[in-house]
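Which chain is which? They are A, B and C, in the order written, and residues in each are numbered from 1.
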Amino acid sequence: MNIANPLTVEGAWVWVAAVLTLAVFSFLYRENPFYRFAEHLFVGVANGYAITFYFHRVLVPYLIQPVGHGEKLWLIAIAMIGALYFTRFIPKISWLVRIPIAVVLGYSSGAYIPRAIDAQIIQQLRATIVTRASFANTGAGPGWQLGIWAVIIAVGVIATVAYFFFSAEQKGILKPVSRVGIVFIMVGFGASFGYTVMARISLFIGRLQFLLGDWLGLLN
Amino acid sequence: MKFWEKLLSIDRRWIYVVIWVVVMIPLLMPFEIKPRAMPPVQMLFDYVDSMPEDKALVISIDYTPDTEPELHPMAISLLRHAFATKRKVGILAVATVMSVGLGESALRQVTEEFNSRATTREDSIIYGEDVVYWGWTTPFITVLLGMGERITNVFPVDYYGNRTDTLPIMRVLKNYDDMGIVVSIAGSSVPLSWVNYAHTQFGVHMGCGITAVSAADFYPYLNSGQFTGMLAGMKGAAEYEQLVSEKMVELGYDWSLPRKGTEAMSSQTAAHIAIMAFILIGNIAFFVTRRRKQ
Amino acid sequence: MTRRIPLILVLVLGIFGAVAFMIPHPAVRGVDEVMRNDVIRIITAFSLVLGVGSIIRHHLIKVRRKAEHWPFSYVTLIALAVSAIIGLFGGIDPDSPGILFRAGGVGRFLSNFHMQTLYENIMVPLAATMFSLLAFFMASAAYRAFRARNFEATLLLIAAFILMLGAVPLGRMLIKPLPAFAEWILTVPNTAAKRGIMFGVGLGTIATSLKIILGIERGWLGGGGK
């Protein structure tokens, strides 16, 4: 056992991290003041961290320094628009907060639309359509096999979309196609769940690696 | 009957104890595992390995401390791969300000690993010449679109406060045209934003490292070629670590560096068995008690 | 007026944002770059005010009203103030300390509390551990709630089992082609299902963005005002 030395600066911080880790884990037994303290501490430090970076890496290089050097003085007007966020806390003029929100939301929404149409609809449609190229031999496997998988994907996509089609009653041809769709969806969700198990366990493994390795020095 | 009923109503804290023990014991007594790379991981590795020499690897640290155990090993492995193969590296954080400290931590660790063993300038990693950490700025649309024109406009100062137009690496890493691939490591859907903006408008190759939770959702983008490769969860991290380790040995860097992803796989195996056992036992108990009630 | 001005702003900037993608003219690209690099960036930086201000207000109200667990609100407020002071006056780069860490012996002592140190030893452990609790909750849910009640649920659980086994080396030891089969499930049926869902989500998101720009979707305006 090579426990971290609390008498050194580095070791003391490892102990701080370990105690905070155990404080959060204590929630598994039941809620308690140690967990609550750790939770509130995190919120405070996270916000202080955010303030630091927003100031030093955004406001200083992009606003304070240029304006301080007499360049881009029009940025003062932009800063005043940004400062309207403060009006959120003044009930009489709180409607002014809509203006900076409108600027960011409007531009972002507009920039998103053409790019999302290309990336999420057109490119994905293109990948779904089965062509002769789908049966070409590549490094991924023999051509006939890749072609069959491409056909299955195309069938699955159509069936899945049919399942979520609520504008018409699910009868006639739509019903069996929807049933096929639900099979694909359940397999997809099962795959997601299986991997979710791995994800959650991984997070816990990471914390144990810290406690057993960095803190207690039990791991090689 | 009472046995199955008792089993169904067991205090959940006993389940927690089982999980704790099942994960802890393999960490203390690990069994040797050699991860075998699946195609998405191999594709990313092969692409990074075979990029033209004048193209840089850019890593976007888009994950936060809550997903650090899963994703940090990916950043470490990518940096080791790039440094061992003498690639120029650019690092940034796009998603949230909470990511930026993790980038600094990864860069510091890997730079120290190489520089502590370097004997010549060739083997050393020099900040500003071989690697640059641009840091973080907001909002992400500014970064993703602005980097297609000129990176120094998006990041006039780097994470450490240096003016980026004074750094030698920025003379050869001006925008996406100078990048071989951008690998976004994220615990959310930020890689999809990279695809939407950077890949769609500028055609830059994209790779991603994502949590296992999101992995299944990203396969359509891998299938369409919008992602060149993908690392999924700790398993993906372990597989990439294995490939990088073998490559480093091949290049003469036989250092036996720590591999957190690989070390975790024994515990991962045990935990998966435990979860499957829980599901099976829970279902058996449920159906037995239901049949008796009927 | 209090709603009309923001709606007009959203419409004009939304159209500009969409159109700028399609027009390669240098003048348009120049304005687009200024919008992104300067205008949007600075305004977004100020948006932190909303988050931090709301948290401070929430905890001050808790303290004033002596609400449940109110003493812990002091922890948040003090931690926020101290870490903000350390960050603002201590700087970001440990090798280039701010004025807080340059004040002789006191400064040297305080440099042990640098922002990056606080990040690595307080924020990372706390955030990572809070999320790691999900492993336990998921195990408990797996035991108590995941039931193969019908065909669809059984299919989901079988797919999950194959993925869980295929993800670890044990799967390959038990059934050699299992990892490849798990990969096939992800690459073919899962891709099909997720792509189908993605079409719906993608079209929905695009439609919502369009509705915001055109002023049909007004939830972001909040209440009050005409």
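Things to note:
Assume contacts are C-beta pairs under 8 Å (C-beta built on N, C-alpha and C of every residue); 3 or more make two chains touch, one makes a residue touch a chain.
Since the model is a prediction, treat every value here as computed from it, not as a measurement.
Farthest from chain B, judged by the mean position of CA atoms in each chain, is C. Simply put, of A-B and A-C, more C-beta pairs touch at A-C. For the pair chain B and chain C, the distance between mean C-alpha positions equals 17 Å.
With centres taken as mean Cα positions, chain B sits 14 Å from chain A. With each centre defined as the average position of its C-alpha atoms, the distance from chain A to chain C rounds to 5 Å. Counting partner chains per residue, chain C has residues 21, 37, 40-41, 44-45, 91-92, 119-120, 123-124, 126-128, 130-132, 135-136, 138, 142, 157, 161, 164, 167, 186-187, 190-191, 194-195, 198 touching two or more of them. Multi-chain contact residues, meaning those touching two or more other chains, occur in chain A at positions 28, 46, 49-50, 53-54, 56-58, 62, 104, 107-108, 111-112, 115-116, 120, 124, 127, 153, 188, 191-192, 195-198, 200-201, 203-204, 206-207. Listed for chain B are residues 16, 19, 23, 39, 66-69, 98, 101, 137-139, 141, 145, 159, 161, 201, 212, 215-217, 220, 223, 233, 235, 268, 271-272, 275, each touching two or more other chains. Within the complex formed with chain B, the chain C residues making contact are 21, 32-33, 36-37, 40-41, 44-45, 91-93, 95-96, 116, 119-120, 123-124, 126-128, 130-132, 135-136, 138-140, 142-144, 146-148, 157, 161, 164-165, 167-170, 172, 179, 183, 186-187, 190-191, 194-195, 198.
Residues of chain A touching chain B in their complex: 28-29, 46, 49-50, 53-54, 56-58, 61-62, 104, 107-108, 111-112, 115-116, 118-120, 123-124, 126-127, 140, 153, 188, 191-192, 195-209, 212, 218-219. Chain A contributes residues 9, 13-14, 16-18, 20-21, 24-25, 27-28, 36-59, 62-63, 72, 75, 78-79, 81-83, 85-86, 88-89, 94-95, 97-117, 120-121, 124, 127-128, 149, 152-161, 163-164, 181-198, 200-201, 203-204, 206-207, 210 to its touches with chain C in the complex. On the side of chain B, the complex with chain A involves touching residues 13, 16, 19, 23-24, 27-28, 39, 66-70, 97-98, 100-101, 135-139, 141, 145, 156-157, 159, 161, 192, 195-197, 199-201, 211-213, 215-217, 220, 223-226, 232-235, 260, 263-264, 267-268, 271-272, 275. Those residues of chain C whose C-beta lies close enough to touch chain A in the complex are 2-3, 5-7, 9-22, 35, 37-53, 55, 57, 69, 72-73, 75-88, 91-92, 112, 115, 117-136, 138, 142, 152-153, 155-164, 167, 182, 184-200, 202-203, 205-206, 209-210, 212-213, 220-222, 224-225.
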